[in-house]
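Each of the next two complexes has subunit A plus one more chain, namely subunit B in the first and subunit C in the second.
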Partner chain A sequence: MQGLKLLSSLRLTVALLGFAMVLIFIATISQVELGIHEVQAKFFRSWIAWWDIMPGEKKVPIPIPGGTLLGSLLVLNLLAAHGARFKFSWSKVGMVVIHSGILLLLLGELFTGLLGREAQMTLNEGQILNYSTFPREVELVVIRPDSDGLETVTAIPQARLKDGAEFPFGGFSVRIQSYFSNSEILAESEATEAFDKTHATEGSGKGYAVLRKPREATDDRKDLTSAFVEIIPDGGKSQGRWLLSNALKGEQSFPAAGWLWKMAIRQRRLYHEFSIKLVDFSHDRYLGTDVPKNFSSKIRILNPDTGENREDLIYMNHPLRYGGLTFYQAGFENNDSTTIFQVVRNPVWTIPYIACAMVGLGLLWVFSQHLIKAISRRNKPTPAP
Partner chain B sequence: MSTLRKLTAWLIPALCLLFIASSFFMATRPSAGFDFKNFGTLPVVSNGRVQPLDSLARNALLSIHGKQNIPGDGAPATSAAWLAELNFKPELADTRKIFVIHHDDLLGLTKLTRGEENSYSYAQLLPSFPALQQEARRIGVADSKTWSPYEKALMLLTRNLTLYNQLKHALALPGQDHLESEFTLFLTDIGGALPEVAKNDRGETFDQTLIDSASSRMEIVREWASMTEVYTTPSGTGADGWRKLPDSLVDAIDQGTFHPSTLDYARMGDAYRSGDSSAFNSAIKDDRAWLSANRPDQLTKSSSESLFNAIAPFYLCMVLYVVAFLCAVVSWLWQGSTLRQAAFRVLLIGLSLHTLGLVTRMMLEGRPPVTNLYSSAIFIGWGAIILSSILEIFHRNAIGTVVASVVGFTTLLIAHHLSLSGDTLEMMRAVLDTNFWLATHVVVITLGYASTFLAGTIAIVYLLLRAFGHVPKSTASSLRGMVYGVICFATLASFVGTVLGGIWADQSWGRFWGWDPKENGALLIVIWNAIILHARWGGMIRERGLMVMAVFGNLVTSWSWFGTNMLGIGLHSYGFTDAAFFWLSVFMISQVLIMALGLIREKLRVNDQ
Partner chain C sequence: MRKFVLLAPLSLFVLSSCKDDKIHTYRVANDAAAESPAPPDVDSMRAEPEIATLAVGWKVPEDWKQEKAGQFATAAYALPEGGRVTVSKLAGDGGGLAANLNRWRGQVGLKPVADKDVSGQPLKIADSDEVMQLFNLTSVDSAADAEGILAGILPLKTETWYFKFSGSVGVLRKSEAVFAEFLRSVRIAGSRKSASASAPSGLKKVKVTPPDGWTPSEGSSMRAASFSIAGPDGTTADVSVVPIPGDSGSVLDNVNRWRSQLQLAPLASADDPALGNKDESPAGELFVSHMTSSEPILNGKKAAMGTAILKRPGMTWFFKITGEATLVEANLGQFDAFVRSATFPE
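Presenting the complex of A and B:
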């Protein structure tokens, strides 16, 4: 009973909100060192966040309650408070609406984290693509070209790429000798002492040296993921060592079990049931400046299932919503001939809209009641201090 | 007696109106001699927008010199006059001490000795150009976040020198003494060389000297065009249809004749050099006549902007807010209701002028009120004054006026310092180019800032009165009501504003919430206001606790408004950010002290009893 009383108390609410402020403030200043992605995982999507007070110096981590912990406690506190003290009255309606809206907002954020996906599509003018890629995630693909012109692609997710990991394919296996989640690749002749001593014996990675690097924290820098990979026939000796990396263009081929296979490390792909063609990208700047005035991509949607073949324009603040995905104009490169779309799948994107309306109306309701009371109470001047 | 009092209550506002009227009169009075006032109204395109020469000159002078008055005898009196001198008598302008250097190492590098004003002329800096360029190249490679104060000062100086040079080449080519005849020679020389080029193409004999002289003239004009980013000559349509002055010379080859505006600038330059003010004025008159026939909209816009600059309504507002503040504070000690009424009337005059300035800016820009940090400061002041005027109407105890004038004055002072970093009517980047979201999200969140600051300022008044004087019970309850009501409004505005921002982000980037510093800052304000309300409802705080917490709201809001911007140092003006960091720290410390005052004095009083 004591526990329920505490759980439903306003004191707990205030304490939890106070902790939330501390968490948000620390997470904000930590972004300078860690970058936004690391901060989200470390502070907001965690039960306990370990805050490193002096980054770069001695490690002095201090535990603070993380976003998941505070969020769930706040939800419990809210439910307990309304459950314990609920009695219907018109003046309470506003409060209930506000808090339901906040609950919905928190749940929406939870579901976005669970269900949402964010990928990118980089398209040159004239190019047609039926997939997007995840900029911060790679996969190792092993491709068997079949006789009828089709390919059998086996994609190994990044989480399974580790030093010494071995993946059997009928007749041979692919063994990762060493794996670099982020790296720098240079010609052997330019490499320094710090570079890894391993070298490729086969493929287009011959003659390069690899340096291990920490993962990139910021949005605008991409990891260069690399691995030295050996092909080992069943019961036999290694056929050689390949250097695979998303820094190297294209796939590298190797013969095994009677086929000419191909393999590569590349950005993980998200395939779509339709294709997008970039017809034209345009980018205007204000006269005499580098300030972008607008950028827009004229695209064509090609959907063989529905027979759709139509043009559309994607530009700032005007995304394209299609097939459960939303395409946003995110950037451009190659002298304005390549466009970059942010591709987002978020089945719960409407929740914040509803939640916002609920809380806004609820607050308006409650505060106008206060205001009316205050005005009717006071219509006489008060003395000066 | 009461008539006399009534009269006094109107006398101070009337004097204020007189003060405004005289400022308007001064701003519209035509200038004697050289007509720099109308010179300043001529439209050009710079920084991506049509603006009067006056704004161009003002913003450049503020960036370079930090203020508009130029030291020295016979120095140009206005920024437009300075621009004319810079273009038409550059050898004189180069001796004006306008470049500010504070850092000792930078003085050492430029081999200058510290003067009284810390200001140096272009001519004094000229010998150090190689050293400055070499340093700038070295520093420019590194990330601007890691620059030392000396490196920042050096980069700022080189940036200002570049700006100065670009402006110097906007309306004339330094070194050409007789612009009109040089322009004409350019056209005849090129015209004379064209047949020779054609002869050469046909394999006939031709005169090489004619071609050589024409191509050297062409080379000079090409070089000139690369020196400036100011577009002076309307051609074609819209804001993009403008040409630089040197490019308009090249265009004249095909046209066979000069654009009227090109020749007008040449005539202005020649008249200025020869000291012939009537020729100078008539060239301006001709140019304005051509513009009003061919580009009436852009001439009207640039004339209004230059008038707006001359009146400087926000400066007048600051004066009025000081008057209102003094009257209101004195009213607590002496002549209560008379002075209180006078103070409130002065405040309302200031508010009208503030509104006028805000609306004029909106019309010039074609945008909702808040588009950058500068306009957010103007709008926070405006919003806070409206809210506290409402409080004053209800409570009639001068507290609303005091708080309004303090917030209004402070935010306009902040705005003034923000304006030193450049054009405040700049064009919007593509991602911000949406009037709908600027009008909803940005306006609502800025009202959230304004009201949180307002609650904090009222609380400061309470805490100071309590610490250094006596707060009667009824005043205390009136202050409590004000703070509570304003916090309720602040909660509503900051919540709705924050969520609207999330919805905008969902519309443009596909994510509702990204935990970006600015978003987090706004969320902190919402949560803090929610904490105050819950603590109050739960009986955890009483009157004094409410006030102390409201002051902490100032801290949270200033962090969100400025602090978050300093994390990334992504702001274009590094010089400003350092100063802002200092003042932000001073502000935050002062707020902590006031909160401490609220806590300590109470204990002492309890002990006394």
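Presenting the complex of A and C:
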């Protein structure tokens, strides 16, 4: 009971809010060095965040409570406070609704972190795609072309890629000899001593050397993830070593277990049940200037399940919500012939709106109660002196 | 309530510890280029030269406007009522009937079909034993502005031809009959029945003198002569002489097709110096080209091609040497002499 008392104390609430302010301040400063994605993962989606107080050559990491820990404790603090002191009365309804709204807001952030996804879809005019890619995540894919014209794809996520990892397939294994989360690839003739001594013996990566590099922090730079992999038949010797990288275009093939397989490291894909075709991209400017007036993408939605085959327009501040995803106009390239959509999947996107509405209603209820009391006090006849 | 408070930390910990690091296996249509998915396959090109494909011909309606065909298509036409017809060919089975059909089905929002369920309406090619398969990739209830495709796929022994009419469903319905007429006009000049009609046998004879070291090879029925050159390290180069009745397209079209096989960008105009040179030979005017891939695309090495186009009355002769770049370049002089040695019995 002592624990519940401590957990339900208002002092803990104040302390946690204080830590949250410090965390936001540190994360904002660290964003200069690390970029927004790294900061989100390191400070807000972690139990303990290791703050590098002197970024640069000398690392002095200090542990501070991460966003997940603070958020969880705030939720528990709120629940414990109600658990310890809750007694229903109409005068407290407003406070209960306000706290429920705050609780929902905190849980909404937790579920957004767990279930939300942000990907990109890059389309050339006339191109059709049924998948988006995650710009900061890669996957190792091993593909078996099937006789019916489709392909069986086994996608190994980046979190599973590490030195020595081995992935069995029927009749052979794919073994990662060396893994580079970010790298530089150069022709062997141009490589220096700092480059890794491993070399490919098969595939299109032959003749290239790989240099290990720290992960890119800024949003405008992408990691070049690479790996030297071996194909090892069951009970046999290695068939050779391939260099796979998202810097190398296309897949590399290898024969194994009676099939001609393909493999690659590529940006991780999120497949959709429908396809999007870019019909036309427009980049309007104000007459006689280069000042952008509007970016818009005329697209066609092709959905075999619903039979939809229709056009739509995505432009600034006018995203397309379709199939549980939201497509925002995020960018363009290739002389205005390629569009880039930010594809956001957030099944709990309505929660912040509901939570804010609840807090608003609760506040309205509380203020109304106070107002009614104040008015009734004023109208009460004052006793004669 | 208190039990809930005690359970909450555990559930929060479990939820926030979830990471999407599972290995997933799924089946999808293969990643294909928009129009023609098969990358240039130098090995298959060497085994069976693409030049034989030029034996397929068709009659274009007068009001169709010829358009720039692009890197992979052989021909493209804009129809007066709207829509676009493209003709393209791929080596071998082009990756399979189902794969190509499913790619198109995806483009118009139809579900993929399994290989066993792929069946088109047969159209027998006149003067030939070959059969084209016709597909209508629109659904009956498609809105007029929905996209659709009408297609004819003609599988031949060594290659597959694709005749594709794409546009809105309304446009397709309007010009359906014209496209069907266009497909009925397709002929195979080198086929068993039409060869004698379209190419008198005398016109297909050539006498050539191969240099030492070139050995006659089996080739194919389309070849008038075929040789193989053995190089060091087990490399080989292939030499072919293929006659095609008639004009057989512009030099630019032919060179761009060869360039695409070497994964080189197409040339924009016939004035580009990379196109090649005109030359004279005892048998007539030649157009000679030489091209080398910029990437190692043949057994980890660069590939090269030497070609000569010789136009004779009623027949165009294509001489070609292909293979690993070093071997081809070492034999270019002999290839030139080989081309000039050609004589044509009357």
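As a convention for this text, the second predicted complex is superposed on the first by the 311 of 385 C-alpha atoms of A that agree within 3 Å, B and C clash if a C-alpha of one lies under 4 Å from a C-alpha of the other, contacts with A are read in each partner's own complex, and residues count from 1 in each chain.
Just so it is clear, a residue touches a chain if its C-beta (ideal position, glycine included) is under 8 Å from a C-beta of that chain, and two chains touch if they have at least 3 such contacts.
Small disclaimer: the values here were computed from a predicted structure and weren't measured.
A.B. asks: Quick one: is A:33 in contact with subunit B, with subunit C, with both, or with neither? Answer first, second, both or neither.
C.D. replies: Neither subunit B nor subunit C is touched by A:33.
A.B. asks: Does the superposition put A:163 against subunit B (first), subunit C (second), both, or neither?
C.D. replies: In the superposition, A:163 contacts neither subunit B nor subunit C.
A.B. asks: Check the residue A:4 against both partner chains and state whether it touches subunit B (first), subunit C (second), both, or neither.
C.D. replies: The answer is second: A:4 touches subunit C but not subunit B.
A.B. asks: Taking the superposition as given, does A:234 touch the first partner, subunit B, the second, subunit C, both, or neither?
C.D. replies: neither
A.B. asks: With both complexes overlaid on chain A, does A:273 touch subunit B (first), subunit C (second), both or neither?
C.D. replies: neither
A.B. asks: Could you pull out which subunit C residues touch subunit A in their complex?
C.D. replies: So the residues of subunit C in touch with subunit A come to 1-2, 4-5, 8-9, 12-13, 15-16, 18-30, 34, 39, 95-102, 105-112, 114-116, 139, 141-143, 145-147, 296, 300.
A.B. asks: With touch defined as at the start, can you tell me which subunit B residues reach subunit A in the complex?
C.D. replies: 45-49, 229-231, 239-240, 242, 331-332, 336, 340, 394-399, 426-427, 429-431, 433-434, 437, 465, 469-472, 474-475, 477-478, 481, 485, 488-489, 491-492, 495-496, 499-500, 502-504, 506-517, 520-521, 523-524, 527-528, 530-531, 534-535, 537-538, 540, 556, 559, 564, 567-568
A.B. asks: Under the touch definition given earlier, write down the residues of subunit A that touch subunit C in their complex.
C.D. replies: 4, 7, 45, 47, 68, 72, 75-76, 79-80, 82-83, 86, 110-111, 113-114, 126-128, 130, 145-157, 159-160, 167, 204, 206, 250, 271, 274-275, 277, 300-305, 307-311
A.B. asks: Within the complex, which stretch of subunit A touches subunit B?
C.D. replies: Against subunit B, subunit A makes touches at 9-11, 13-14, 17-18, 20-21, 24-25, 27-29, 31-32, 36, 39-40, 44, 105, 108-109, 112, 116, 118, 285-289, 291-295, 316-317, 319, 326, 328, 330, 342-344, 346, 349, 352-353, 355-356, 359-360, 363-364, 367, 370-371, 374-375, 378, 381-385.
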